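Let me give you the structure first, and then I'll get to my questions.
The chains carry the letters A, B, C and D, assigned in the order they are written, with residues numbered from 1 in each.
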């Protein structure tokens, strides 16, 4: 049974034209799991989100790529992901000032897991991405211990929750409550079905610019409430998975189209908004010891459906992050309202 | 007196919220001029568009940058523009297979112009960009002689024509007629007015995806006509000018936001679509012989209006390229209709 | 029978430790051929060099990559090579101001060749690289007609000449005569032999910095002659071929190591020196119509021999370009001496 | 009084031709200070090196740039450094698996320092670079507490120690002991003196390739000892400072020439070697609140001395890192000998 969160499609808002996956989440790509640890007290609204691309990712490295749309961000690990076209780490999301702390947890977790299998970790490229939840969260506080990180790991599942949960707890999106959102798209190539799934940590853009399927939703909401406007800054992280066989160059080309979904909702990619995309393909096994490896890749001339898929899935994932998030009153009494409370205005 | 072409704003379609420049063209940035040479016969619909960033650009090099959105394109000169952050050439637009020919004209033109001033050209970095007009134009034909290039140069002015003219003669955009379009935006920083102007050569995207201010315009048009659908390929070139003082790094950041305007109209940036942005600032004079030069730059935290300006101006410039273009019947009887003939459907 | 040019190894100068290919040229990679057309008159010392990566390259596209070390250069075609990781064109070398002219020849040649096979060229990404031979050549003169280009094409063979020939006719290297040079290296992976070959067009660096296997050769030569010193500018183009199966990302990693050979000879990669590397692998056939293609790639952890191979071959190719070139007296009486006349000083 | 470590120049080995700074260290650039914290026990040979670019760097942001030569590395912070062309953090060096831990210390240290000045840190881009000291150090152990980090901070001075100290304690270079090394170069432009200083954390390349001023030093050493050979992997971090006024683009161009010094000593930049350069200019004050800032930059045509300076200083800094380091017996009894013990063989 699926969890009971109402998502943007439940409000008859249809993004794009492609077919959605079963859960309409990144976890529609087989092997991907997502878990959360959430901190929710008077001063702190923050958390950790753990994305496991495949079991034993350290041993089962995947072809991967990243794309920096706007580099006002502190994501770690992308230099090596891009050099080698490989991912060997879970992808972990948290707040800006906790990246080092969480990265350290991730390193120790990987060492521990490998020790259980008698693998000695000699080097490891951890991937930790972040957005700044400082509006609702006293970001200068240290909120996590190693055991909290393990809780996020243990929580990993396919039908994970979205909204104000995990690393999304304190995030703001288009001046409303943002956080974790997900969506997926399917496409056929030669009668074979492929899936591309997106997970976003949304914390970007301003309310006045919010546009849903061409409707100036933000402006309608502004008439109703006095909210503290958000400048177009704060970052969005887009993680995507696909079972389409690709090279890292092709994944990078796909990752560049995530921006389409972000832009359609109204973002102008402001100076202060770190926008980063990280993607991986589960289709190719790089574990062969062979000197010459055989891999499968998509014919470049057939790649367009994957471009459209990430655009649509990113747009819907952002809306899901907003519609599933509840109103949050946080640090210093700062408030972010939920899109849910205004969705009737324009549907 | 302004020329009498009706533009998208004449149909009560308002793109974005910023103030437009006087002509609402790239030439609102002082010093910029644009000229065309057009070939219009049974088999050939093509041309040359000459963009002069400033008088004597070879001597008056400008700070410049480029951004390759999708590199399925043959634009020349960008390696050096990006290395040195400088532009020393007019920017010339033509069809894909004429880039070498036109580049050769541009080199010879520059040598000739410099000789008149007793400057011996020892090296020169010509910038020629292109789109593929092969649907309406027999692109394998050689259509230009040096004298035709000079006609485009001589035609350069501020109130230039848009649409199916110059390099835009044979271009297609969103399955309709595309070509040359322009728009500009103004913004104030500390009581000082700045202008950013865009010129596009539009030849990209599919009709079914055409979306104007959120309205599915393309789908409405498809109901009315049988047109030969265009895949999301074919390229768009975006040239922008600004009088805002910037470094080349800042110009590159601005150039990355042109994509917003392209995406809002519905493009998915398909595999076969070369999308390239080239921009320059007229604010800084690099001609000083001094070893240590003093330049002015925008404070990074104030750059957001320029980001919004290029997004808005690019979106409007594309629409202007379509609305000013007439229906063209070209090579092999291929037809591209004009947006003008359908604009009543959704305004 | 091999041609009789004496090369650097004939002077007992051994670069690196790896095994050389049969011809010790780029053409040791099966399928690669090189031809020249040379202009040699009082004012003009220049030419065209035509590198054919494989027969019918337009149909038999190859995996390729490029690397811009220093972008003070006008090479065309690299945007698309890098976006798609593919090469579909011969690589042609000429002087800086003839790039457009030669590119136009290359386009027309490709259209003609394809017409013979009933292939209609709709788009084509020509690759033309250049160095500036303006010291020995009146570079402002137009020296080539289409037929001259065809002569370079027709001249293509495996045992091509090096030195002051073709595009190398007017080039200068380390203050002496430079031009075309080549070398190759072989390496074994799992008992299988692979070859990597390099061709350079050398036109860079200063005499005082010339260092051969650690010996300050340039300084010794300066004591003997008064030559017009060359600043560290002027460019070097490095073309490499390999039969190692790679992705374009891996080829790009290999291409970044060409710099090692350039640096070991003493270059400081000055501001005005355009240094560009273009490489391709002949191992993978991209022509399959299949949507999902199977390709072979080298295991990343086994790639080091290819890194060492390009470093060694580039260094030796530059020396070969110098030692095979004869003294040239050119435009305005400018002189470049041959390394051959001084090699006895330090061997 | 300068500290008494003997450096490479004390052995009559002269790298390049440019004038050295007073200390011949990165700290010859005014404002730069360096401190160490060292862990030295049976299983752990590791540490922290703290590079302070200027006092109160968080408030006094500097123009900066980075260059990834080979991205097999885990350095953090470079995405934002490159996007904004700014550095707002001290640069801290440590071992590969401690990057997160040390980054967390750096964040907390910055929060604490700013609190003292009543500045509320809302976001912060920490820069932590690393090499892998796993040969001499049990890298899986956690070796640092916050107080140890503060010791490195407190140790910061101009005449800092080199060799097997701080983050350099456990590093290996060319199969011998490596670690921290530094050097500087001075150059005149228009009668004004400028300084460029380099600090390296050296942990790369193989002994057989070690070449000092053209002499095959590594091969001579191999004849004398049996050492455990080092593959060309393990990383080198190059930090440079200059008081030359530059844009971030110009700094990036300078940073690309660090590779020259690395290559001249024999490195082939192997697959597993993360090679990263980070540089900053102390010449420009970015703190102005003004919307339009006036900055000074070097005329591009005068930049060559800075290119040569970083090449020479990097080469000498690596040699200094080796010659100042003592023999170390570390984890599992692994041994790295000191270059000092063999320098007589080839001087």
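By our rule, a residue touches a chain if its C-beta (ideal position, glycine included) is under 8 Å from a C-beta of that chain, and two chains touch if they have at least 3 such contacts.
All values reported here derive from a predicted model rather than from experimental measurement.
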item	value
Selected pair, greater C-beta contact count between C-D and A-D	A-D
Reference interface B-C: repeating pair among B-D, A-D or A-B with over half of contacts shared	A-D
Chain A-chain C separation of Cα centroids, rounded to whole Å	45
Intercentroid distance (Cα basis), chain D paired with chain C, Å	35
Of all residues in chain C, the ones touching two or more other chains	70, 83-84, 253, 300
Touching residues on chain C, where the partner in the complex is chain A	83-86, 189-190, 192, 245, 247-249, 253, 288-300, 302
Touching residues (chain side chain D, partner chain A) in the complex	68, 70-80, 82-84, 96-108, 111, 120-126, 128, 132, 134, 139-140, 142, 274, 276
Chain D partner contacts - residues on chain C that touch it in the complex	69-70, 211, 213-216, 231-232, 253, 256-257, 259-260, 263-264, 267-272, 300-301, 303-304, 307-308, 311
